[in-house]
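Chain naming follows the written order as A, B, C and D, and within any one chain the residues start at number 1.
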Amino acid sequence: MSTAVIESVTPAPRRPWRQPRKVALETTILVVASVVFARFLEAATGLAGVLGLYVGFAVALPVLAIVSVVRKGRNATIDRFATSVLVVAFGVVCIPWISVISTVVRNGSRAFYSGYLTTDMLITGVDDPLNTGGLAHALVGSVLVVLIASFIAVPLGIVAAIYIVEVKGRFAGFVRFLTQAMSGVPSIVAGLFVYATIVIFFGGFSAWAGASALVVLMLPTVARTSEEVLKLVSDDLRAASYALGATQARTTFSVVLPTVFSGLITAAVLGVARVAGETAPLLLTTSYFVKTSTNLNEPIATMPIYIFSSLGIGTENSIARAWGGSLVLLAAVLILFLIARIASNRLSRK
Amino acid sequence: MSTETDVPEIRLISGVRKRTDMLFRGAMTVGALASLVILALIAGFLLFRGFQIFADFGLGFLTSSTWDSGDVNDPTTARFGIAAMLVGSVLIATIAVVVAVPFAMSAALFIEYYAPRAVRTVLTSVLDLIAAVPSVIWGIWGYSVLMPDAEGWAKTLHSWLGWFPLFDVPAPIFGRSPFIAGLLLAMMILPIVTSVAREVYGQAPRDHVDAAYALGGTRWGALRTVVIPFGRSGLVGGAMLGLGRALGETVAVFLVLNLVFDVNFKILASAGGNVASLIASRFGEASPYELKGLMAAGLVLFLVTLLVNAAATAVVKRAKVAV
Amino acid sequence: MDQPTSNEPTNVDTGEVVKPVIDAPAAPVEDRTRRRARNLEVGSAKGLEAVGVHAWFGNHHALADVSLHFPENTVTGLIGPSGCGKSTFLRLLNRMHEFIPRSAMAGEVLFEGRDIYGPGVSPTEIRRRIGMVFQKPNPFPAMNIGENVVAGPKLARLRVEDRDALVEECLVRAGLWKEVKDRLDAPAGSLSGGQQQRLCIARSLALRPDVLLLDEPCSALDPGSTLRVEETIVQLSETMTIVIVTHNMQQAARVSDYCAFFLSDGGPGRLIEADLTSNMFSNPSDERTANYVQGRFG
Amino acid sequence: MSLVVDGVVARGAFSRVVSISIEPGRPVGLVGPNGSGKSTTLRAIAGLDRLASGTISLDGSVLDGADAFVPAELRGVGVVFQTMRLFPHLTALDNVAFGLRCAGASRHDARGQARRLLTSVGADHVADRRPATLSGGEAQRVALARALAPSPRVLLLDEPFASVDADSRPALRALLRSLVVGSGICSVIVSHDRADISDLTDVVVDLGSAG
């Protein structure tokens, strides 16, 4: 029974449980058949357009999936059916955002021309041809308002995180609950609050009012992300710093914060991305102004309001301008998001 | 040899601190409590300004749905009630959650257990990205792309389910209805609910999934018996986070919904509203007294959203802990 | 694909009928050694055999050229130092190896004469016929004791004629019935480690497997529970082929009829020697087995 | 100027009576199986943990007692622990200068003194490199220099040469001996490497056997 060990040549490793070619063939047949069936279903029921086709596909795929395995037994059938339902459902989840991004790019690019980012709407009527005017005023306004908000919200957010993770003060749990509650404040309520206080008190819309409304929305995101990042620093690093005679303040500012600096950038950028697109609070605080201005005590144009008001006017050219604004804003948010993702990868790699 | 000494009271790492540290700890405490000050100010100020409304209308403010600023120079003729708007907010947010949760659950299961490993990381970051798309962009897309199509769906839905009161329609106009606003909100909260669900499903204990496979269970069998029960409360938490976000949404709803001041449960009818778009549309030419009404409405929305979010985070936290 | 046999739970696809067998005539208690001899001559096509089996994780060659026959209704112990590939080999026998990302294999595993990695073989069917119990007891937390036992047939969507009878039969065979018979709806989590492991065994039994694989079932259990589980294994081997991976020499001696010694000399794990347990422990033919069995290393 | 530890160290359910007295210039070796309280004792001396009961006193003044506690940053105890790596965002030179900056030295003086210290431990060639790029031996030399920079009265070493390859250990041992044996510093060394204990210490306390 004992088998002497003979040095046989090692056979090639294989994965019999995966038949890529067979599975690929089966799925293509299934998908093609479902599309044909869907086309047929669309004609029969009168569901129009791309949606009608997708509804047909969503019905056809599971049905055909069952047919293809029924002879293999009930269990395999239900498994195949469940898989196809999940695939269809995942498709339904993807359709909206694919459509949003493709529509914004398609319609937005129509409003673009050489001067689009550099001229404002001072001398251009909303209805004038699309190769005049632009959104420079909104771009400058948004950058200013968001920058002011960041100068207030980012330090406050990081301080809250330091209080929770480093100082571990008596109110740490309470502060964490507060930032959690603040993340739930509806943006319109933040706008209303600033309107009722700063705008009315100082007698008018201003960039300052807009910035303070955004602080309320930005602070929780920065605080929560910073807290997660500070927790990444191991206690041994802090112990080493104390042993060298460093006070808690020096340990925090010259050891802990620098070690996770790129993580704090992520927190700040995520906070900016969160508020860059907020419309409701700005509606009540910065109002709108057609000229590029850097006067912080006067109403100022911002990207979301530019889009919202251009859309509100409703003429063909103004709606095209609204799409143009959406494209710029979406691009800005995507870029901010990529910066945050790159910064956090660099942190985890250190 | 360790003698049974009576345990002295536990010694903590405290002791006298250098002056700089006392300053440091004090500063950090003040900074951290700033968020408390802001939150208290918001709630306090809305209450302070809106208090007179509660005094004048009492519970009527929540039950009546007429919003009439009355004669401009005679504020006593004004009647304010947000019943219609409150019902509208909750109705639209509920439609959004009811539509979003099943799809979010399926997408989360697909990403976590069916999508190939490399694709999974891409899909996760795309989800986080989509959650950051500003609501005004969802609004403009909803207004120009979704609304025309959704009107068609509402018609077909009405033709099939018209007999059911919820889908009945007083007049054959299907545009700008709570149904359409609810659908748009569903698409907006899908990323948030899906990523919460995906995270909780990802933590299903590996050895229980293996046990299900070892019993001859198919992949769906394993999901049904192990993963879905494990992720149930996490999904509830994610849905409530989505509900909180949908309750507070302003611009997207403002663009696709007809503001009508009476309670309407017929979701396909072109009449509805929510507290947020009430504030956005009226604040411009509101008289000081009406402004107080808007404050009171803002406070009610703030408290409702606060409650929903607090409950949601508690549920999600417990879900992650339960093995 | 399967010829109907008497005591299979109803499989809707293949039409067998579930008939819980409680009043089966207790097999005359044969002296275990005489039963071993009977098996050797019979040598039926039934039972399990690995032929030239290899395993890889990505490009790491974990197991090389293992051929081993598991005679029917016997207990085979797989022993060897940790990292010698014995658990990997076990997971190949019921196609659980493929769930590990980037895993690969070679060779054949014959079950009732057919290669389970061959085309047209349903892996779920194989895993129903070859049950497995894991190192850490893993009853389903969301289910009570009764539900855990019938989880297998429920997963495989088999119609169970008399649920309570099946639950009782499996718990009796797993040696847990007396301890839990009046709290079947208690959550599985309320049981002790040893009880949970026997519940997992009962759960596998509900599918009437022909083979039961156990991956170091007692390494997380206290000595008392370990003995109870070992008794259960020996009783089960009356009607089932059992393969058990174990670190513990005494357990291998107490429980197994055959033993297979695996060793990895830095490279992939290999089968050094396989024989009757009595021979392996008294006069192993390979010097490395002697070292291991006498506990000089590993 | 002697360091006396007389009390009970505890971590969770585990507790152990420890009584050691360390004279300057005569390093004490602390040995015993894992979990016998060696690291807990070192952390208590450094002020990172507290004794469950009893006192730690240096030259008569109580560092950790029933009603007195001097926090780590005021204790002036140098530590070279295996888990306490160098600050990843600072160069080797700035790591060493850190302690001096904490003691109030100006940037310029601190960096000058740090460079001299790095030379004395034979690591000045890595002064401007980040810790991630250093070998085990180099990192250990910099850690030693960093701990000695604020001229501590006590130096604690927990498995100092664990991450150093065998053939460069004798050189590091000689360096350490020159710094602690016969110097004014009280030092405690914990190591599983018999050679460290026999070569550097003449008093050995075995926590394994006692209790």
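Convention: a residue touches a chain if its C-beta (ideal position, glycine included) is under 8 Å from a C-beta of that chain, and two chains touch if they have at least 3 such contacts.
Just so we're clear, the structure is a prediction, and the values are computed from it rather than from any experiment.
S.K.: What are the chains that subunit A and subunit B both touch?
M.R.: C, D
S.K.: Would you pick out the chains that touch subunit A and also touch subunit C?
M.R.: The shared contacts of subunit A and subunit C, listed by label, come to B.
S.K.: Looking only at C-beta pair counts, which chain-chain interface has the most contacts?
M.R.: A-B
S.K.: Can you give the whole-Å distance between the Cα centres of subunit A and subunit D?
M.R.: Spacing between the chain centres: roughly 48 Å.
S.K.: Quick one: report the Å distance separating subunit B from subunit D, using the average Cα coordinate of each chain.
M.R.: Whole-Å distance between the two chain centres: 54.
S.K.: Using the touch rule from the top of the page, what residues of subunit B touch 2 or more other chains?
M.R.: 17-18, 218, 221
S.K.: Could you list the positions in subunit C whose residues touch two or more of the other chains?
M.R.: Residues 124, 156 of subunit C each touch two or more of the other chains.
S.K.: Using the touch rule from the top of the page, what residues of subunit D touch 2 or more other chains?
M.R.: 47-48, 71, 73-74
S.K.: On the basis of the stated criterion, which chains touch which? Give every pair.
M.R.: Every pair of chains in contact is listed here: A-B, A-C, A-D, B-C, B-D.
S.K.: Spell out the residues on subunit C that touch subunit B in their complex, using ranges where they run on.
M.R.: For this pair, the touching residues of subunit C are 94, 96, 99, 101, 124-128, 131-132, 134, 136, 138-143, 151-152, 154-156, 200, 203-204, 207.
S.K.: Quick one: in the complex, what on subunit B touches subunit A?
M.R.: The contact residues of subunit B facing subunit A are 17-18, 20-21, 23-25, 27-29, 31-36, 38-39, 41-42, 45-46, 49, 102-104, 106-107, 109-111, 114, 125, 128-130, 132-141, 143-145, 149, 152-153, 156, 187, 190-191, 194, 218-221, 223, 244, 247-251, 255, 276, 279-280, 283, 291, 294-295, 298, 301-302, 305-306, 308-310, 313.
S.K.: Could you pull out which subunit A residues touch subunit C in their complex?
M.R.: Contact set of subunit A toward subunit C: 1-3, 5-6, 8, 10-18, 72-76, 78.
S.K.: Which bits of subunit C are touching subunit A when the two form their complex?
M.R.: Against subunit A, the touching part of subunit C is residues 11-14, 52, 54, 56, 61, 64-65, 67-68, 95, 98, 103-107, 117-119, 122-124, 156-157, 258, 270-276, 285-286.
S.K.: State the interface residues of subunit A toward subunit D in the complex, per the touch definition above.
M.R.: Contacts found on subunit A: 234, 236-237, 239-248, 250, 254-255, 258-259, 261, 350.
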